[in-house]
């Protein structure tokens, strides 16, 4: 069985990590879609798709060291800006999958209309484990490193990602 | 060191296989771009990006059984239809890479203009190891299975790919 | 004489109905444009263009039972995201028309700049006869059926439209 | 039961007419899609979508005078340039339909992959009843009027359509 | 040496004028990019790219009467909606330049990531010399003419620009 | 009076030069549109819009040294891929113009349909003064410098343009 899971991963954080751990406990293979892949260098979407591929890849590596080897496909997905085409877009860009994991009402609705089985994921500490909160902390110079897996911290430091976000936000100007 | 290698992989064939074997002999990590990812269901581009991800993944698996484990990223890349933006597009969608392998004059030129190191790949039996020839054989009902790695045959059979190509070509109508 | 009238019809409501009744009293033929045709499955635009074609068609049928047979063309119009091209876009997608009916300042301005006669429509009970209010009632489980023509209720029930809107809004999750 | 039938209608000709007559003998309602709606003013696609709506509408009127009143929806459909999204695009832009009529291998394949019933249409005098041949005759100043229904001749004359085609082809320059 | 300077110029005002005077004191040639060139007829972007070319051209003419003849290229730049492609887009559309002048954090960041020298411009009376304030005054019927160079007033009057903005804002309806 | 003249200028050659000389003899101001501005690095369109702006600017400079100072606007124009929108696109991107000079049947037709005065330009030695022939000579290593104005040779040499074209064509590989 193969699952589909999508996020924007701006950045990948411990909430994503818990969901993936949950998915790994139920299915063998996972396609991870990187949503809004065309976006970067904004306050909402500071990181490129390629940088987010790295984050997801490193985080999945950590997870597999813990739960055992899995087959994972990491696929950047550009927006198509038309909800009625979105499921077909995802399907065409990804290896075949049987089940979708999501907590997003629109994602759930669109996949169910298309006849897919959708499983709702659990929520983990939604206050902190959110991209918005993490990016806010990065901009304000607060501590964000505890909210993401260790390998993601390394990816972000490797690209000097906090500096980029602060530059764009005008904080460092 | 990380290399970038791009193809349309319609389908992945033994020519691609030889180039990858060559790249694996020189660098540790490879980003494989799946070009014209948005195309499918045409005579020139019968397979979806997701199906081509499967072909490349299975073929790379075979290769790694032979040459040892490597880090490989397989990234679908939609066309941007503007040569002057193409390298920036590739860079934004992929993990960082240091060197490009290609035999395509346009790809070579664009990456060199952008300051990348580009290495030309060797050519292997160009008459048969070509997507055009393989698709022609599929349409005409000739033997094509010898021109692609064994796992790619399985992927194509699993999606009944020859039937799709013949349908589109009007051969089965 | 042929008139042009455009709306998003999310959903078609009694305000639209009154405007059409007014137009039918002045001209013989009407082109009804379905704006933002590419949008669907959002809180602002829950229904597809095709579903909105059905709403308009059924409502116009009711109206013609009342005022007599008219020639009506119902044309979905995708956004072009450039105001300076919009009139040309509309003109290319629709049968020729001589006069535009609208109350939207931008629509009026764009058609007048292009040399069209534009007639302002009357306003009918703008508090309730608004898409925003109707969608709000649908989401909150309040009574909305009195604000749209009877055949439109049937179209929306036929596609289980309120459920879709509530799903997307997260009300049913 | 409602059928879907698509053509570019550059222009609508007697071949289309025969297919529609055939469809009307089997189903009560028809959605007629006007393909490549965004195209106009080229040798392959001289007429705008709006002009083609008029041709189809008039021709259907003639047909209904003959076979009795039917419910027909005429919907311009812009290209999406991605085969994997095309069926979803059509579905979103049109009233719900149960069966597709087509002789085009790609259209047949795409709708069948999406789970639709597709019925192949008969072919009627394919040598003359073709858009290419009719446009060639228009450009060369030969007799084309016998190849299209009478009301279509009137629409084309009303917009001075042959002059446009000859202008674009450079014949009149 | 050739500089690049970009603005939306909705409209061109005395703040832009001061920055250009500053740039002219340092470099001989300037490429002036007209950003969001595809936008017009909105409250944020009332003027077309062509109208803004006229404003910039006339204002630059006034400036050169003061500081002497310079080589200036005025280039409309449509948005590409992808920050990672934007610098490549600008570079492809403009004559070669060596240095960028900007106060916009995103513009500064993107050009620096691409390896360009970027110089921050001074700020001049930011309260009044802002497009937002000038458009507000136009809509409210207040005095705006002191905030733009005299030739820009003439361009805006020549196209009856205040009337357009008020029409769109619904103020004149 | 202000004229509009459009070309792709791949590269600007003596045929364009003669047409401009003709236009300058009749009108005072000229808007020169650089068509297919988004194209570059292909055999048909080797040069970027910015490089073509330079060619046109330098060539116009030479011409004005001969016929006297004129007001000229050089505007890159991206394709919109829809003939029915093209005139509106051009109008929105350029300063106002009263008359169009062209020998292209489609350009003539589209502007005339939109109500513009169009004047046909003379033809000058069409065998050699063609972009296709000049690019062929560049690729084949033949003499092309006599077919373009001297300043255009300098622009092309300054960007090593022949090398780029030969690289793309695969001649130098």
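Going by the order they are written in, the chains are A, B, C, D, E and F; count residues from 1 in each one.
The working rule: a residue touches a chain if its C-beta (ideal position, glycine included) is under 8 Å from a C-beta of that chain, and two chains touch if they have at least 3 such contacts.
Remember, predicted model here, so these are calculated numbers, not experimental data.
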Copies chain B and chain E - rotation angle from C-alpha fit, nearest 5 degrees: 180
Computed distance of Cα centres, chain D from chain A, in Å: 44
Chain B and chain D: spacing of chain centres that average the CA atoms, whole Å: 38
Distance from chain B to chain A - Cα centre to Cα centre, in angstrom: 26
Chain D, residues touching no fewer than two other chains: 38, 40, 48, 82, 84, 91-92
Full enumeration of touching chain pairs: A-B, A-C, A-D, A-E, B-D, B-E, B-F, C-D, C-E, C-F, D-F, E-F
Interface residues, chain C side, partner chain F - complex: 80, 82, 84-85, 87-89, 91-92
Interface residues, chain B side, partner chain D - complex: 38-42, 48, 164, 167-170, 173
Residues on chain A engaged by chain C in the complex (per definition of touch): 81-84, 105-106, 108-110, 113, 120
Of all residues in chain A, those that touch chain B in their complex: 37-38, 40, 48-51, 53-54, 57, 73-76, 78, 91-96
